[in-house]
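Note that the chains take the letters A, B and C in the order they are written out, and that residue 1 is the start of every chain.
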Amino acid sequence: MNRFLSGLRQLSQYPSAIAGLVLIFLFIGLAVYAMASMPLSQAIDLWRGSGDTWQYTPRNAAPAWLNVFPGINRPVTMDFDTRALPESRTVEEIAPGMWEVKVSFPFEFTYDDFPTEINVFTEVRNSSSRPFFSMTWFTPDGREIPLGDADLRSAESFRLGQDSRLTRRLGGRAANVGLFADPGADGTAPLKGRYELVAEALMFEPDAEIDVRLVVYGQLHGWAGTDHRRRDLTVALLWGTPIALAMGLMGAVGATVTTMAIAAIGTWYGGWVDALIQRITEVNLMIPALPLLIMIGTLVNRSLLLLTLIWVALSIFSASIKSYRAMFLQVKEAPYIEAARSYGARNMRIILRYMMPRIIPVLVPTFVGLVPSFVFFEATISVLGLGDPVLPTWGKVLSEAQGQGALHSGYYYWVLAPSVLLMFSGAGFALLGFALDRIFNPRLRSL
Amino acid sequence: MQNGFLRVEDLKLHFRTTRGPVQAVDGVTFHQARGRTLVVVGESGSGKSSLAKAILRLLPRNVHKYEGRIFMDDVDVMRLTNERFRRQVRWVKAALVPQAAQNALNPVLRVQDQVAEPLLTHGKVKSKEQAYERVAEVFGLVGLPTDFMTRYPFELSGGMRQRTAIAMALVTSPDLIVMDEPTSALDVLTQANLMNVLKRLKQSTEMTFILITHDIATASDLADDVAVMYAGQIVEQSTARRFYTAPLHPYSKMLMSSVPTLREDKELQHIPGSPPSLINPPRGCRFADRCPARFDKCDQEPPVREVDGSRVKCWLFE
Amino acid sequence: MKPIQVFDKTMRADAAADDVLLSVEDLHKWFEIKRMGLFHIGDVKAVDGVSFQLARGESVTVVGESGCGKSTLARTILGLYGPTKGRIVFDGRVIDGQDREAMDWYRRQVGFVQQDPFGALPPFMTVHRILDEPLVINGIKEPEERERRIRKALEDVRLVTVDDYLTKFPHQLSGGQQQRLVIARAIILEPKLIVADEPVSMLDASVRVEIMQLLGRLQSQYNISIIYITHDLSTVRFFSDRIFVMYGAKLIEKARTKDLLANPSHPYAQALMNAIPDPDADNVERFREVPGGEPPSLMNPPAGCRFHPRCPAVIKGLCDVQEPPHFQRGDHHLVACWLYGEEHAERTA
């Protein structure tokens, strides 16, 4: 324990260690937040994005914080929902058996560019007859543009930008442009000011309810933007964090502990056991791991767990077995091991209680440094198309970005966000690992 | 101790460590005449190995303090720059056979090339052939057969490798050779053989030797003069005869009585306690807390006094 | 169990068969050298026919240089290696590494003190744990019993006050204290025999005395036999009754300590005596008479007497052909050298 505390104190002397620890804690915090805000199953469902899960987000939107930069003032998605803003809706019984519901969504539009889409969604409950519904658009310069009317089924979506009649009425410009265009500027810039959508519905039943939702889809959305399936990338990036950390830690622990145990057993028992382990290792070193994984992933089974297990198995019988073996051989010759045998300690006890405690301080930096490689492993196989089909991970985001030609289309954020996360998580562990290495092995692994 | 070839005055070498400065050599003063062998006797923790490095200016990176005066032939070599020291003193006037030298030989070089290296580096010879001639000469001096010249170190036994290290020190004919524990890792018979070699060298050349060791018994094989080192300081220096018959300093006496002898059955006594840490040496006499003859003055640093031609650092001789 | 035959003539005269604690009978320990783990090249014959007996409470020094096989002999006696040929009989039981129960019993009877005090102690264990391990492993279950033994062991080796030391780690102890801890560990199971392999050669001169005196005191206090292995003849007077000189995997001279020191007979033993200086300023003038050469290869030892290539008194035709048996040199004094055989006496007569 004392050694641990003094190790911590020494650690604080290294700025790299502090930076590493800060990064790691940031990521742990992110992971905890992700896991607290929604369970994994929900995240998976969300990310699968069936049908209309993601219809309220724009497609391929960039992150909203881009507006922070001077000279950038692009529209961010604005979402108005009577469920969230109950005061926007008024109900009035204008005649016996007839209720008029009026919904008003006023808002300020101050951006320099046009929204990408504009949709209105309605939901009707407890009505066997269809309410009559009409919408009007009010511009800052006082124009009043009727948007159309309809009889509502239980759920309707009005994709105003695709309404050809509306487009014609707006002078050939689709609604997301036409409704905002500054008439004086010849349609190249939007008119800034106060806009309002007013929707009216006539209901014929007393318990009938209607919810209206207006979404003005921005070019920017959320912390990380959206992808080609309108999915908010923050979901995958957030939930990718605990997945990445879990994979990194699991892989590092599994690989390290198992490698060490196998090396210990081999060195202790010697003879053919040792020789066998060494031959397996040497054969394995010659097998190229990634092509093997690709083969297995394509032909057999794509589950992330299986591929990870194979990767771990391959990395156990790796060069590190040889270096642990070298260390164990050195420890094995130590006089205190001989003394233990002379007072009757059995093999298992010696391996576990006399040899391992010498190796563990050496292990700690290696283990820490190994975490990034397992994190990257997941990203690698995802990009190669072998990744798990359902889990939202950083690698998944990257692989989809690549598949959709993100860089080619200028959606840099799509590639940058997961890359930056990968980099910094790796950096955090690497920095900590280097500092730990300098502390635990002052003479570079001399036992 | 007239005709002083080597005069070391108040030599200090302190190392910087995370726990504080280690005062390994803390004010060492001794003289040595040309052609005589001085043995510096000390146990672990006395700083004797650091003394060897201090004299030859083979310093590690964490030096905290390095000062004093070292006069070789009346020239204070401490004032030379590192480069001049390297060119004019190290391996020219003074050479070192380091501790466990037999393990310090370069395994990929043939023995003759290693021994020839100091010659070639200091430009003492014009060609490799000349160098090898000199190598054959020193091989003869240390008793190594010349057909071993083309071998690699792993082909030689421990004793032979040690002789090679000594040959390396001899090859440039320096005035002074410092040997740090030259025989401690060797077997008894090999040790004896090596001591015979060194005795022959001593008698046939005018070389001045400083032998650093913890082994008083083997030291007596070569010693003309003895200096006793304790906790970074020299506490006694006298001729070998005087030291082995009647040592003056209490530590020297106790050291003598703790060494078992083969030929006489002697009452042995061990020294209780352990040497002080060199990081924070105690004020006053450093041997005081283990000394049976301690009295109140020992709280102050004892002066060095001349007693019958020996020098002792002890209040008992005031 | 066959009764022990007393065959070692150098043992003390009054030793009867049931006084014999340890009987080493024609012990051989060979290590096979295989190339690539498969092809037999040869054997390193580290112990090649060693026989001796030790009575209860008797101590013996085995002196020899590195490469003579003394460390292997020590470890074979300790049961760390099984003998290749020959056998060890301890307190009436045959020890050959096969019977597990016998080995477990045997390990409690023999303690081991090693050369490197710091290396012999696990650096990550406290003093308390280091002493607890042998007790736990050997089935001392009650914690109070273990505590009692630990305290007693520390008091026996004078590491007091005990409580100050229990929580220390090896690196916090001086060399002498470390070795005392090693000795404490060796005696904690109350063994009848201690094998000490160069216990003081890595310690400072002034500390050696302490440790040797401690071993001597323990020997007389508990009547423990000690087999003391060393290369330094000058330390033999402390507690050994007898000295065995080992060379080339064999014992070449066996005698009582006083007799050997006064009258070393084998040329190698004489060379050892010559090689060791006593502190004396006159040594500067004296050249020592020691043979040159190297210790013999244990894989291909010389024919006949193994010392003959270096021996100043070699008898050609005899020493290089036939291995000498042990001849009686005096009372309780055996030498394996043709100079003391009847044949030689005949020739020189």
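A few points about this structure:
Following the convention adopted for this analysis, a contact is a pair of C-beta atoms (placed from the backbone, for glycine too) under 8 Å apart; a residue touches a chain by one contact, two chains touch by 3 or more.
Predicted, not measured: the structure shown is a model, and the values here were computed from it.
Taken together, the touching pairs link the chains end to end in a line with two free ends. Using the average of C-alpha coordinates as each chain's centre, A ends up farthest from chain B. Inter-chain spacing, taken between the CA centroids of chain A and chain B, is 68 Å. Chain geometry summary: the mean Cα position of chain B and that of chain C are 34 Å apart.
The multi-chain contact residues of chain A, meaning those touching 2 or more other chains, do not exist; every residue touches at most one other chain.
Those residues of chain A lying in contact with chain C across their complex are 271, 275, 334-336, 338-346, 349, 354, 357-358. Contact residues of chain C toward chain A in the complex are 37, 75, 78-80, 104, 107-108, 110-112, 114-116, 119-124, 133-134, 137-138, 182, 185, 189.
Across the interface of their complex, chain C is touched by residues 43-44, 157, 159, 187-189, 191-193, 195-196, 199-200, 214-224, 239-241, 243-245, 254-256, 258-265, 268-271, 274 of chain B.
Contact residues of chain C toward chain B in the complex are 65-66, 174-176, 204-210, 212-213, 231-235, 237-238, 261, 271-281, 283-284, 287-288, 290-292, 294-295.
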